[in-house]
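Working notes, beginning with the structure itself.
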Amino acid sequence: MDLLTLHHLTKTFGGLTAVKEVSFTVEKGAVVGLIGPNGAGKTTVFNLITGHYRPNQGDMVFDGVSLSDLRTHRIIALGIARTFQNIRLFQRLTALENVLAGRHYRMHSGILSAMLRLPAQRREEQEATDRALQELEFVGLGSQALTMARNLAYGDQRRLEIARALATEPRLLILDEPAGGMNEQETEALIGLIGRIQQRGVTILLIEHDMRLVMRACEKLVVLEYGGKIAEGPPEQVRHDPKVIEAYLGAEDEP
Amino acid sequence: MKKQILTLVAAVGLALGGGVVQAADPVKIGLMAPLTGSWASEGQGMKKIVELLAEQQNAKGGVLGRKIEVVTEDDGGDPRTASLAAQRLTTKGVVAVIGTYGSSVTEASQTIYDEAGIPQIANGSTAIRLTEKGFKHFFRTAPRDDEQGRMAAQTIEKLGFKKIAILHDSTSYAKGLADEANALLKKQGAEVVFFDALTPGERDYTAILTKLKGANPDVVLFTGYYPEAGLLLRQKRSMGWPVPFIGGDATNNPDLVKSAGKEAAEGFYFLSPPQPQDLDTPEAKAFLADYQKKYHEAPASIWVVLAGDGFRVAAAGIAGAKSVDGDKVAEYLHKNLKGYSGLSGPISFDAKGDREGEVYRVYKVDAEGNFVMQKL
Amino acid sequence: MGRLDLPFVVAFTVLMTIAPLFLNAYHVDVLNSIGLYALLALSLNLILGEAGLFNMGHAAFYAMGAYTAAILNTRYQIPILWTLPLSGLVAGLFALAVARPVVHLRGDYLLIVTIGVGEIVRIALVNDVFGITGGANGIFGISRPKLFGFVIRQPQHFYYLIWGFVALTIFLFYRLKQSRFGRALNYLREDEVAAEGSGVNTAYYKLAVFGLGAAWAGMAGTLFAAKMTIISPESFSFWESVVLFMIVILGGAGNMAGVLLASFLVIGLPELFREFSSARMLVFGLVMMIMMIVRPQGLLPARGR
Amino acid sequence: MEEFFQQLTNGLAVGGIYALIALGYTMVYGVLKLINFAHGDLFTYGAYLGLTLLTSLALTDRLGFALGVLVLVLMVMGLVAVLGAILERAAYRPLRESPRLSAVVSALGASIFLQNTLMLIYGARFQVYPDDILPAATLHVFGLYLPLMRVLIVLASVLIMIALYLFIQKTKIGTAIRAAAIDQGAARLMGIDVNRVILLVFLLGPALGGVAGLMVGLYYGQINFTMGWVYGMKAFTAAILGGIGNIPGAMVGGLLLGVIEALGAAYISIAWKDAIAFLVLILILIVRPTGLLGERVADKV
């Protein structure tokens, strides 16, 4: 069953077409990789899905709901969560507070109940904190809960972003270069983490340049070049697609 | 902390007994003035004149056989700072307070002095309501807006102008005077063809002058202050528009001529209490000479002179009441001080604390930039 | 309260509670002034410090509250303290209305718009808008507040009213800071895109914090009106907004103890400098520069926990 | 109709001064992202220094009107530029790596300091330029009155602005300024000495502000120590109106603000003039969130 479907998505900036008539689907429970040379429009696709940009044409349907006119926080509330290519944490807040951001829309108490510290509000805070700590534990940052985000190691920051995204209880998790800047061991651990996320029943759509990761983790690949889709299919099939090989020749940044 | 408690005790002692204090202690008279902010030049002039007068008085033996000490506090020309300055003066054991300039600034301090039983003699606050509240300790050497409004309307009538433009600057004082004059002018059958306010503190008023000119008045009554009046006159001249201007007492300042230039200022009328140099009492003349000698300038404005009168009246009140008790001084000022010879003319106070008698005169600027008193 | 320890808080509270017993009326009144600014600065701190929205027009909301209270009191004889919630409401609703179309503007553009709103309000007050503000004269004859039949008149009495409200504010805002709402403001300040991308409705929180901060400033305005018994537009000038802005940044945006400390410095110092007479503002300006250079993050930066 | 055009010229004359000051605001902002609230006070210093030099050196008596004024302009520009550089070194450089608003507060402190220094030196009363320096001729064109000096002021402002624009666009140093404005880090990597660029901006901007102050003094005659606050605020508004950081934007914003004020005063209400100007600004920002000529940058995600 398809969780997310993109129909002929097009996005232009000024005279530049960043994404051109892109369509693909993400099946429920799958790990799908979006690959392509630099500047192929991958991140733009993500930004379209999560509502940071509005498409010029086309539509995106998530579990039967069109995303095109929704603001980002509504899209998150539908069950899509993401990480960012250039890490976007709340730098001067603790790891725990960062993850609590993901719990935000699941909570309800407002100004008054916070000021009066009503029982319901306290219970809610407690539950949210517990859940956030679980997510930190899940990504392996359990001992760093009270560290300020900007004091974390680079790889830990990437994982903290994932924990924040997971805290929203997404059905679809979008990862933008999750292994970016990671060393080999960290990447290895990340592959394990992706597997465990998948086991939780979360569907994953990711952009990644590290081809070993892509080949091992993904069940399906979508290849973009110059904003258009040039291939789609299982990793083995895509790998031998002449168009893909051509696209990566010269533009290949992986050995 | 200990020192403050002692001051407090001393202040209370002073307020209660007065007599218990040793004769060698000076009599403290407070001055509350805008030493900083937009009206700093007025405030600093007020400080100068009061200090000079205290010096002279002390040379003559002070008051009640004691020296006078002037305690000055800055009100910054703003109500909040003024209320703090007033609280501070009350805790310093002053017998009476001179000041201050702006009406709303004075108003913020009135209650404080009244509750502390300290006579306050305002020098620049002309708003009518200040003396309508029944405060027993409030006086002013400045006349009220309604009197000036009456005088403005009268003068315009006497000069024979029919179509009048009124321009103010949205300050409490200028708006009050403008409203007062507007009502009276309409009553006496004149046509008010323009009524609006400029924004003080700007440099270019040509947009306003262009609009004024379009209304084609016989005369423009500007009720604001001298810096803007100077600019208006200068820019009016460069427009080649010969309409006469009449100003309120806030334009009475020699800097007006400096700013406008002599040619542009010539023929400008304004209302004001008489200046020291127009008083023929030997006292006023001698004092002006002393001021000139000490500070190498004339008093910045009439409001400075009125602060000086405030000081003299306060000293006279203490001497006359033979006491430093605020209630007694106030009572003396209300009842016994009649026709006191001030720098700005004879001073008497009515039951409200307002200055009695007709104070305003009409002045005109001559070709040399001098302010010449007119007989209308 | 960041790095402030409990003993310190207790000591401070005790000291503040007994202070009027040792101080003369002038010093108590200086503390009253500091308290009012602390209240205003705490409310601005929500907007500027916690949520990172550049607001240099806070005096407008303060004025809204003060005028609402003054008008209700002088025209309809409503006891001044009863107007507290209503002036808060009026100021808050006004803030929502003006912030709605502009709150998405970035940094310096929002700064100038808030300056503009502040000036428009002041000019409207000066020009006696709707014939109810008294123009440049303002409104006078506001009655003294009564609390349980007791008329509040002396500076010492106001001291407990004002600082009581400050204490309540700190108590409530401290709880707010540690809640979902408070965190959402911090997310906004740190990274708006990431906040929205984590499911925070950023537009809503920007508006909400403007409304809340303004409502609090409006209530502070009521206390100001009650204390002064006369209010006029010059008390709500652009300069007041600038002073509040300086207090929040100097204190360390987002740190309530810092904001409190800065209120003491920014409002108290010019009083200490009274001895310098006409040079006091010069000294004040110099001190502001030096303090910023010595502690660029503010006196007490917004924590690391 | 005649009155309309008259008001238009009134507005342009005022706007020319705003634009000159706004340029300093916008240049500093462009490179440092700093709102230099003390910039208006540098303008005031220009006016006061001009007066002191004019009266103490008797320039126009010795050199004649045109040459005397030219020498005066250059001296004022130089002195205020040095003052600007000192300000940058003392109040802003120590805060370069700090939160942006800290530098804003330092700027506010500097502004208070500069104003009150002037008050202590010259006194609180306003100062007046001698009124016999400038030719008082007034041109009458199509029923409009145009005092010669106003024409000169507008011409001089426009010329200075064009010169600045060409300098920024065409010279190597100008390119360095533009590069530093876009990305300081990248500019540094390209071998641009960013500190020198900042110094240059703090020489150029204040020099222009100083000249504006001198013009105001020469033409309006009356100067006081607080006037920089009003002019500075208007110039900041103008810079935002045009799109802050953008040099043509500052020019357009300044002239437009002057015209809005004049027409607002003429056709709506004098007393509400400033409120009208702010209202127009807000409306423009609602439609164009980064000002008239500001770049519309989307949030990079």
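The chains carry the letters A, B, C and D, assigned in the order they are written, with residues numbered from 1 in each.
Assume contacts are C-beta pairs under 8 Å (C-beta built on N, C-alpha and C of every residue); 3 or more make two chains touch, one makes a residue touch a chain.
Note that the coordinates shown come from a computational prediction; the quantities given were computed from them, not determined experimentally.
Undergrad: Starting at chain A, find the fewest moves between touching chains needed to arrive at chain B.
TA: 2
Undergrad: Which chain wins if you rank chains by how close their C-alpha centre is to the centre of all protein C-alpha atoms?
TA: C
Undergrad: Which chain pair has the highest count of C-beta pairs that touch?
TA: C-D
Undergrad: If you average the Cα atoms of chain B and of chain C to get two centres, how far apart are those centres in Å?
TA: 34
Undergrad: Please report how many Å separate the Cα centroid of chain C from that of chain D, as a whole number.
TA: Taking the mean C-alpha position of each chain, the two centres sit 32 Å apart.
Undergrad: Take the average of all CA coordinates in chain A, do the same for chain C, and state the distance between these two points in whole angstrom.
TA: 41
Undergrad: Where the CA atoms of chain A average out and where those of chain D average out, how many Å apart are those spots?
TA: 48
Undergrad: I need the residues of chain A touching at least two other chains; which ones are they?
TA: Residues 52, 84 of chain A touch two or more partner chains.
Undergrad: Touching at least two other chains at once: which residues of chain B meet that condition?
TA: 36, 40, 44, 170, 197 - these are the residues of chain B that touch more than one other chain.
Undergrad: Considering chain C alone, which of its residues make contact with at least two other chains?
TA: 126-127, 193, 278, 281
Undergrad: Under the definition above, what is the set of chain B residues touching chain C in their complex?
TA: Contact set of chain B toward chain C: 1, 4-5, 7-8, 11, 35-36, 40, 44, 72-74, 78-80, 83-84, 87-88, 90-91, 103-104, 107-108, 111, 115, 127, 129, 170-172, 175-176, 197.
Undergrad: Within their complex, state which residues of chain B touch chain D.
TA: 36, 38, 40-41, 43-44, 170, 196-199, 201-204, 206-208, 210-211, 214, 227, 230-231, 234-235, 238-240, 255, 258-259, 261, 300
Undergrad: Touching residues of chain D toward chain C in the complex: what are they?
TA: Per the touch definition, chain D meets chain C at residues 29, 35, 90-91, 94-95, 97-106, 108-117, 119-120, 124, 233, 236-237, 240, 244, 271-272, 274-275, 278-279, 281-282, 285-286, 289-291, 299, 301.
Undergrad: In the complex, go through chain A and note every residue touching chain C.
TA: 50, 52, 71-73, 76-77, 81-82, 84, 88-94, 97, 100-102, 104-105, 107, 109-111, 114-117, 121, 124-125, 128, 146, 148, 164-165, 168
Undergrad: Can you list the chain C residues touching chain A in their complex?
TA: For this pair, the touching residues of chain C are 172, 175-176, 178-184, 186-187, 190-191, 193-203, 208, 212, 302, 304-305.
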